[in-house]
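Structures for review follow.
Next, two complexes with chain A in common: one pairs it with chain B, the other with chain C.
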Partner chain A sequence: MSTINNEKTTVDPGTKTPAPRHAVRGGGRRRWLGLLLAVVALLVLASVPLWLSPYPVTMLSRILAFALLVVSVDLLTGYTGLPTLGQVAYFGAGAYAAGLTGIYLTTNAFVQMVVGTLVAAALALVTGIVAVRTKGFVFLMVTLAITELAHKQAEAMALTGGSNGLSGIPGISILPGGEPIALVGYLYWWVLFVFALGVALSVILVRSPMGRSMRGIRDGEERMRAIGRRTFMVKLVAFTFAGSLAGMAGTAWTAQARFVSPGDMAFALAAIALLSVVFGGAGTIWGPIVAAAIVILIRDEIGAIADGRGGMILGFVFVLAVFLLPRGIAGLSRRRAAAVGPTPIAGEGDEL
Partner chain B sequence: MLLEVKDLVAGYDGSRVLNGVNLSLDTGESVAVLGRNGVGKTTLMESIMGLVRPSSGQVLINGIDLARKPPSALAKAGVGIVPQGRRVFASLTVEEHLLISARKRGEWTVKSVMELMPRLGERRTNLGSQLSGGEQQMLAIGRALVGNPKLLVLDEPSDGLAPAVVGQVGDVLTRLRSTGLAVLIVEQDLRLAFDVAERVLVMQKGEIVHSSSTAEFRADGKRAHALLGVG
Partner chain C sequence: MDWFVANSVTMVNGIALGAVLFIVAIGLSLVFGTMDVLNLAHGSIALIGAYVGVAVLGGGASSALSFAAVLVAALVGLLAGVLLAVLTTSVRDHLRQAMLTLGVAMIVGDLLLMVFGGDVKTVPPPPALAGSVPFLGAPYPVYRLVLIGVGLVVGIGLWLLLEKTTIGAVVRATVNDRGMVEAIGVRTRLVLAGVFGGGAALAAVGGLIASPLMGAQPGNDNLMLVYALVIVVIGGLGSLKGAAVGALLVGEVQTVGVALLSGYASFLMFAVMAAILLIKPAGLLPSKHGHGGGH
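Moving on, here comes the complex of A and B:
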């Protein structure tokens, strides 16, 4: 070692591909610009109740809760290479837990959020022990089975209101012992707070050493094992975190809807959440959030105008997106596209 | 003995490729495995790396048999792997590659690897997919080094590289050898193999049929020609 340091080898591997200035990840200027854009977006979102009528504000609340669910799908699908249909199970678990807490324990929004997130985390941890031992298509099927089991369980249980759903959930309150919030704008601000908290935690995760390991597993799990990493633990932590995030999104959903139905943890929702990740750009945070907004707008608003054909229009949009935006909406950012190239959804296989 | 391979038998889907390979490598020693195409060199390396499950035999690292253990057990036992085709992580930066692989405290750190291969320092923020073949090979070596291994196992490091770049890879490996790191290399490029290794093993039909010092092997052109078809 000392020999090497003293002799200071200069190895130039004769590259003919100079580093493009834009193709650099984690540049300081880019990071600050991203942070600035996020703050501006947050301020604009926060101001919405001041200049929009209650109906679009309620719709935006739904979009934010769904977008957080989509981010949780992206953490597994886009960042860890584990395409999943199981996040709605934890979303529903969080939603039901928050609703039941509201009915039987307290209307305090913070308590409901914590309880819903912890219930989803516990469920994700237990199911994750089995699920993360698989990969690729098998993982997709295992997570679909988790969703179906959770859905059927919610329909069968009296505690969750069976197939009628859980109704009679009181409005949330912010201060301990405070009055329930009645104004749409205040509810929206709570949902925005939960959304911002969830997204911030996700960004911190993907930029941490844990996030590096998740991307390493996506690129090649065997390679990660060959450098001595315990990939099972990394995948289990990622799965549990993503489940918690979906549960957190579920609590935000309950706070604005005050009703939870078994349909909130059904295959249809799981499918559009996964497609939103592909549409938005797997392996980015902002792309799937934008895609989630477009998906909800088409399904609920344009679909209502087009005689309930929202699902059909959504299908066309997804097909067009596959051909026109192979890297998703996030691929429209030239910098990102040049830096990353197509983001693999699943790992490259078992090769070292 | 740092590495001992005893009576190793392995193959794929019922076909036998290795017919009882025996080899050993001591601390600080560097050994090249040579042979024509299809004699079982890569199967031997994949068996040592834990990628192929041998049907019988042992792969002992410091006396502990790891023949049927996963690649992660090899890494923990102090074996750094540089696989054929580099296999860098496409979406991790050069620095992230080294950080993710740095496991044990030791001589090799992200900083010292970048001092050894300054090009990696210049490419610190570039993704694995943006590197040239030579840079990817340097990164694959650096990734193995930051695990502070006792033995570096390289499978065809010259594969797909221009001759000038192969020379630079050889420079790095030669300097690593001088640090006392044990090196086991499978290589088709004889110049690189001779630069790196002090001992040469030749394989034929799934067995080691020749073992000598590199100098001895190079001096006997007739034997080299008979064994490898060159010389």
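Moving on, here comes the complex of A and C:
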């Protein structure tokens, strides 16, 4: 969770991203600012159960689990340049694995998280070997196929409860042999812990040399090959990591909902997860997280108020965002950064 | 051989489904091929076509009304296509195109739900085509045979239009070198709007003539979109022949597959698609202009 705000300052000088060059030099101060903002955001999020009633806390749990799924989509779509509709398959795999672990093995939340993440990682590795050989639109369609096949498989299997979904999942416990936790606030803190862990791991990944290689593939795979990088391995590692992260998000989903249905790995969810990345600003971490929150709020809350018209309102928001936010939500801050920074062409291109 | 005879009716059903899916999918393919726009509202246009059928023919069908419904669907589709062409002109990034067109699809889907409700609506075929003819010793609906004919006519007509006429030459040239076409005095934006409008008109008519088979209901927009995407990616983006082959393949998988392994049809379709893409990532018959896999 530490430095989610920093991605925009760590632009490779060699990439095509039209970010202001001064951002690289001014990175130190902004990095600390980002860290500070992230810590404040985490503290505010952690304090939520103390001053909000159970219903909004439950909703926030849902948002956090979905937001982690969206971050996993972003790692592929925004950072590696591979637009994906497949992450909900691993999300669902993690959710089912956690639920089945809860029913048959243990209510321990850590065990469920590890099992769900590993199952998703294994699935992502196997399917990734096939998927990352393609790119662009074909990759998008292969990942859609993965989602649809996983969806059908979950509907067909007796183990996962078929089309009725998996119910009767006991509540999670934190301590070995401890009581299942029933309070919404404690559940929320667990989901927040999983979310923060997942986001922190993602930030570490994108700031590592591995993350630089991922962006290199996004900005010019041929060039990466030409300088001798094995792009297949980079893409496979990215795909597996993103799949694991989606699985982790799935375990958090199960922990708070205690129910998994094939609908949790359907095209509709895959589509809004991908659009949340674009809406938030592909290639940043914090933008898609904010977008995920807005999307879930509109779909579930405003939709319920507005007579079930959440889909239409969300549609309008997406259409408007295309024209008003060319770089997504994260672009708002990037523009401000450009105006503040010590740039010789200050003001140019900032007038939007 | 016994299997073949036993399933030949199902296979003809598959060809009929393939014919309407071809008519729907070809617009998606041509728009991507010529404008480099991935239109995820394409399925919504097909569903609009189906609901035109509900609105025009809901009170009772006559052949004149059926003909009118086709004209109205084509006109509405054309307008929707031109509107989408205008909306997407300045949006070159594929992800933002996806957000724009899927946003439009969500708006249209909710509007149709508000107007027509959530129930499955049936659309009658034209009375003149409602009968059946003997086929392999059993009566077979004439309407499905007509659909096969319509698919053939549309396919051959489009091929002639694109390959043998000046209009087609301008469209193909716009795909290859937009700047050059502009330089010799052709307004390429009009060409592109024309392709978008024409493709959308075909999609609306395709949705209309498919509605006696599939009905009109919410969710059919996503279904048609996924069918069209699968067809286009199997056949090769921007390729007319590819779309025809892809549509026939999907039609067969969806009908023979349902007959043999009920419940697994969608499973089969995606398995076939994944297998084809692994062997030929650019699709079976990629367009000469080479959009396959491009992003």
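The rule we apply is simple: the second predicted complex is superposed on the first by the 308 of 352 C-alpha atoms of A that agree within 3 Å, B and C clash if a C-alpha of one lies under 4 Å from a C-alpha of the other, contacts with A are read in each partner's own complex, and residues count from 1 in each chain.
Rule of thumb we're sticking to: a residue touches a chain if its C-beta (ideal position, glycine included) is under 8 Å from a C-beta of that chain, and two chains touch if they have at least 3 such contacts.
Quick caveat: nothing in here was measured; it's all calculated off a predicted structure.
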* **First, second, both or neither for A:31, with chain B first and chain C second** => neither
* Quick one: classify A:283 as touching chain B (first), chain C (second), both or neither. => first
* Asked: Touching A:218 in the superposition: chain B (first), chain C (second), both, neither?
  -> first
* Asked: With the two structures laid over each other on chain A, which partner does A:207 touch: chain B (first), chain C (second), both, or neither?
  -> neither
* For A:230, select first, second, both or neither according to whether it touches chain B, chain C, the two together, or no partner. => first
* Structure fact -> The answer for chain A against chain B in the complex is residues 1, 3-5, 7-17, 19-20, 23-27, 209, 212-213, 215-216, 218-220, 222-230, 283, 339-341, 343-344, 351-352
* Contact footprint of chain A on chain C as seen in their complex -> 32, 38, 87, 91, 94-96, 98-100, 102-107, 109-111, 222, 226, 229-230, 233, 237, 263-264, 266-267, 270-271, 273-274, 277-278, 281-282, 292-295
* Structure fact -> Interface with chain A, chain B side, in the complex: residues 49-51, 70-72, 74-76, 81, 83, 87, 89-93, 96, 99-101, 103, 107-108, 112, 115-119, 122-123, 125-135, 137-138, 143-144, 147, 162, 164-165, 168-169, 171-172, 175-176, 178-179
* Could you pull out which chain A residues touch chain C in their complex? => 77, 81, 83, 130, 133-139, 141-142, 144-146, 148-149, 152-153, 156, 267-268, 271, 274-275, 277-279, 282, 309, 311-312, 314-319, 321-322, 326
